[in-house]
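Input: one structure, supplied below.
Letters are used for the chains, namely A, B, C, D, E and F, taken in the order the chains are written, and counting of residues starts over at 1 for each.
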Amino acid sequence: MPTSTVKTFRAERERLNEIVRKYSGQAIKRFISLDGQVYRPGALPAQTKELLGLVASLVLRCDDCIKYHIIRCHEEGVSSAELDEALAVGLVVGGSIVIPHLRRALAAWDELQRS
Amino acid sequence: MPTSTVKTFRAERERLNEIVRKYSGQAIKRFISLDGQVYRPGALPAQTKELLGLVASLVLRCDDCIKYHIIRCHEEGVSSAELDEALAVGLVVGGSIVIPHLRRALAAWDELQRS
Amino acid sequence: MPTSTVKTFRAERERLNEIVRKYSGQAIKRFISLDGQVYRPGALPAQTKELLGLVASLVLRCDDCIKYHIIRCHEEGVSSAELDEALAVGLVVGGSIVIPHLRRALAAWDELQRS
Amino acid sequence: MPTSTVKTFRAERERLNEIVRKYSGQAIKRFISLDGQVYRPGALPAQTKELLGLVASLVLRCDDCIKYHIIRCHEEGVSSAELDEALAVGLVVGGSIVIPHLRRALAAWDELQRS
Amino acid sequence: MPTSTVKTFRAERERLNEIVRKYSGQAIKRFISLDGQVYRPGALPAQTKELLGLVASLVLRCDDCIKYHIIRCHEEGVSSAELDEALAVGLVVGGSIVIPHLRRALAAWDELQRS
Amino acid sequence: MPTSTVKTFRAERERLNEIVRKYSGQAIKRFISLDGQVYRPGALPAQTKELLGLVASLVLRCDDCIKYHIIRCHEEGVSSAELDEALAVGLVVGGSIVIPHLRRALAAWDELQRS
C-alpha cells in the first residue's frame, strides 16, 4: 500500500477506536491493552509474533485483522519468501475458504512492496 | 444511526427478503418464521433475548446480524452500560478477532444515540 | 449433575489450571483474570451474563464452556423455562450443528435438576 | 460399524433426545422437525442431500453429525468412490484442520463396509 | 447476474490471482491446482460437486466462494428447485447466521436467471 | 508426554491413516502430501512453522492438531517461554473459548517436559 493508503487505514481505525473508548468500560479497555501486549518482542521476536497473528487472522478469515498484520509484518522487515511460507501454512490449515482472504492479503502486500 | 440510515438498512433487507421469498420453498420459509419466533418475549424479556442474539452474532462475526440486533436493542431500551457489558462478554469469549466487528457495532450504536 | 459430578468437573479444571499457571506468563494470567471479571454483576445481573456466556459457548460449540455456564446458570437460579428460551436462540442462530452440544447441555441441566 | 455399533449410537442419541424433549419448548421442537424435513427427497435425491449434510458437517467439524450422515449415506447406497469425492471437496474447502474428522469419518465408513 | 457482472467478477478474480501467482511458492500453487481438481466430474457429477462446494461455502459464510459456486451451478444447469433444497440444508445446518449470505446468494441467482 | 504416550498417539494416527489411504483417491492423497510439505524448513525455520501450525490449530480449536504440533514443537526444541508467548497470541486472538484447548495443550507440554 502507498503510505497514503496505510494512513487512511490507520485514520479510520483511530476514528472507530475513539468511539470504542467512548462506550467501553474497564473490561473492554483491559482487553485492548492486552491485545497490544502479546505482540511485543520477548522470547519470540516481533517478526514471529506478527506472523503468528497473521496466520491466526487468516484461518479465522478476518480481513481487517489480516491487513493490520500485513502492514506490521512489512514494518518488521518480513521478506516476501517468509510471508509466502507463513501464508502457505495458513492456507493448508484453513482450506480453500481462505483463498479470497489470501488474495486480498497479497494485494495489500504487493502495494506495500511497490510503495 | 439517523432514522434514514435505519430506514435504508431495512429497505435493503426487505428488497433481498423479497428475492428470498421468490426462490425459497417451505423449509426456508419455516426457518425464517422460527427465527422471528425465538426473540419474542416469554420467560425472558425481549431485551435479554436481543442481547443474546447480539452476543451470538458478535462471536460468530456477522456484521449484518450485529447491526440488526444493535437496532433492536436500541428499540427495546437497552442502556449503553448494559450494551458495554454484553459486548465485553462477547469480546472476551470471542477474542481480538471480533474487535473489527465491535468497532462497527459501537459506531452503529453511537449513531443511534445521537439520532 | 449430582454434587459429586460438579465436584469432579471442578477438580479436573483446577488440576489443569494449575498446569496453566505453571507455564503461563503475565499475558495469559491477565486474560484469565479478565475472563472472570466480565461475568460479575454490574449493569446486567449475573443471570443474564451467564446466559450470554452460555449462548456464546453454544454457538461456538465448546462443550467444556457450555457445561461450566450450565452449572453457573443453575447456581444463579436460572429457571428451566428461561434456559429453554436462551438455548432456542442459540440453536436458531447456530443451526443444527449445535444440536449435539444442546443435547449434552440439557443432559447436564437434567442432572443438576435432579441432584 | 457393526450393526451393534450403529444401534448403540442410535440408542444414546435417543436417550439424549428424550431429555431434549423434556426441557424444550415449541421453538426447539419446531427446529428439530425442520431438521428432519430438509433431508427428505424432493428435487434432489436423498443421496445428494445426505452428502450435502456430510460435507457441511465435515467443514464445520462436528463428529456426531459426521457419523450420523456417514450412516445415512451408507443406508442410501452411496458408494465408496462417491464418498471419497465428496470428502475430498470437504477437505479442500475446510483444510487440514478437518483431517482428524476425516479419519474418524472413514473409520466409521470402514466399519460399515465390513459389517 | 448479467453477463457483464459475471465478467467483472471473473476479471477481478483474475487480477488478484495474478498477484497470488507473483508471490506464491510451490505449496500455494499446488493447493490452487488441487482446488480445481476436486470439482471435476468423476463418480459424482459436476452438478453435485458444485452444490457440495456451495453448501460448504454457505455454512462457512464466505460470500466470494458462494458467488463463485452460484455461477458454476448455473453453468452446470442446476434448477431453482434443486438450488432451494441445497440452500435449505445449508441454512438448517448453519443457522440464522447464514441468512445474510443466503440473501446475497439468491440475489446473485436471481440476476443469473434474468440474464 | 512420556515416550509411550507419544508412541500411542502416533500409533493411533497411523492406524487411522491406513484407513484413509484405503478409501482416498488422488485428491485426498495430494492434500495430505501438501500438508507435510508446508512445515518443512525453508525461508522460515521448522520451529516457526510448527508454532504457526500450533497457533492456527489453537484458534480453530482442534485438540488432535494441537497435540500433534505440541509434540513437534518439543522435538524442534521450542522453549517453554517461546511456547507461552505463542499460546498467548492464540488465546488473545481466539478468546476464552480456546481456554479448554489451552489447558490440554499445556498438560501435554507438561508431560513432554517431564519425560
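Please note the rule applied: contacts are C-beta pairs under 8 Å (C-beta built on N, C-alpha and C of every residue); 3 or more make two chains touch, one makes a residue touch a chain.
Quick caveat: nothing in here was measured; it's all calculated off a predicted structure.
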item: Per Cα centroids, the chain farthest from chain E; value: C
item: Which listed pair, A-C, B-E or B-F, duplicates the contacts of A-D in over half of its pairs; value: B-F
item: Residue-number overlap at the chain C/chain D interface, same or different (half cut); value: different
item: Equivalent-chain rotation between chain F and chain E, CA atoms, steps of 5 degrees; value: 180
item: Greatest separation from chain A - chain, by CA centre; value: D
item: Intercentroid distance (Cα basis), chain D paired with chain B, Å; value: 31
item: Chain A and chain B, separation of their C-alpha mean positions in angstrom; value: 27
item: Whole-Å gap separating chain D and chain E, where each centre is the average of the chain's CA atoms; value: 23
item: Contacts with 2+ other chains: residues of chain B; value: 25, 27, 31, 34-35, 38, 42, 56-57, 59-60, 65, 81, 84-85, 88, 91-94, 96-97
item: Of all residues in chain D, those that touch chain F in their complex; value: 61, 80-81, 83-85, 87-88, 91-92, 96-97, 99-100, 102-104, 106-107, 109-110
item: Contact footprint of chain F on chain A as seen in their complex; value: 34-35, 38-39, 42-44, 48-49, 51-53, 55-57, 59-60, 65, 79, 81-82, 84-86, 88-90, 92-94
item: Residue ranges of chain A in contact with chain C within the complex; value: 25-27, 30-31, 34, 37-38, 42
item: List of chain F residues in touch with chain D within their complex; value: 13, 16-17, 19-20, 22-25, 27-28, 31-32, 35, 56-57, 60, 62, 64-65
item: Contact footprint of chain D on chain A as seen in their complex; value: 59, 91-98
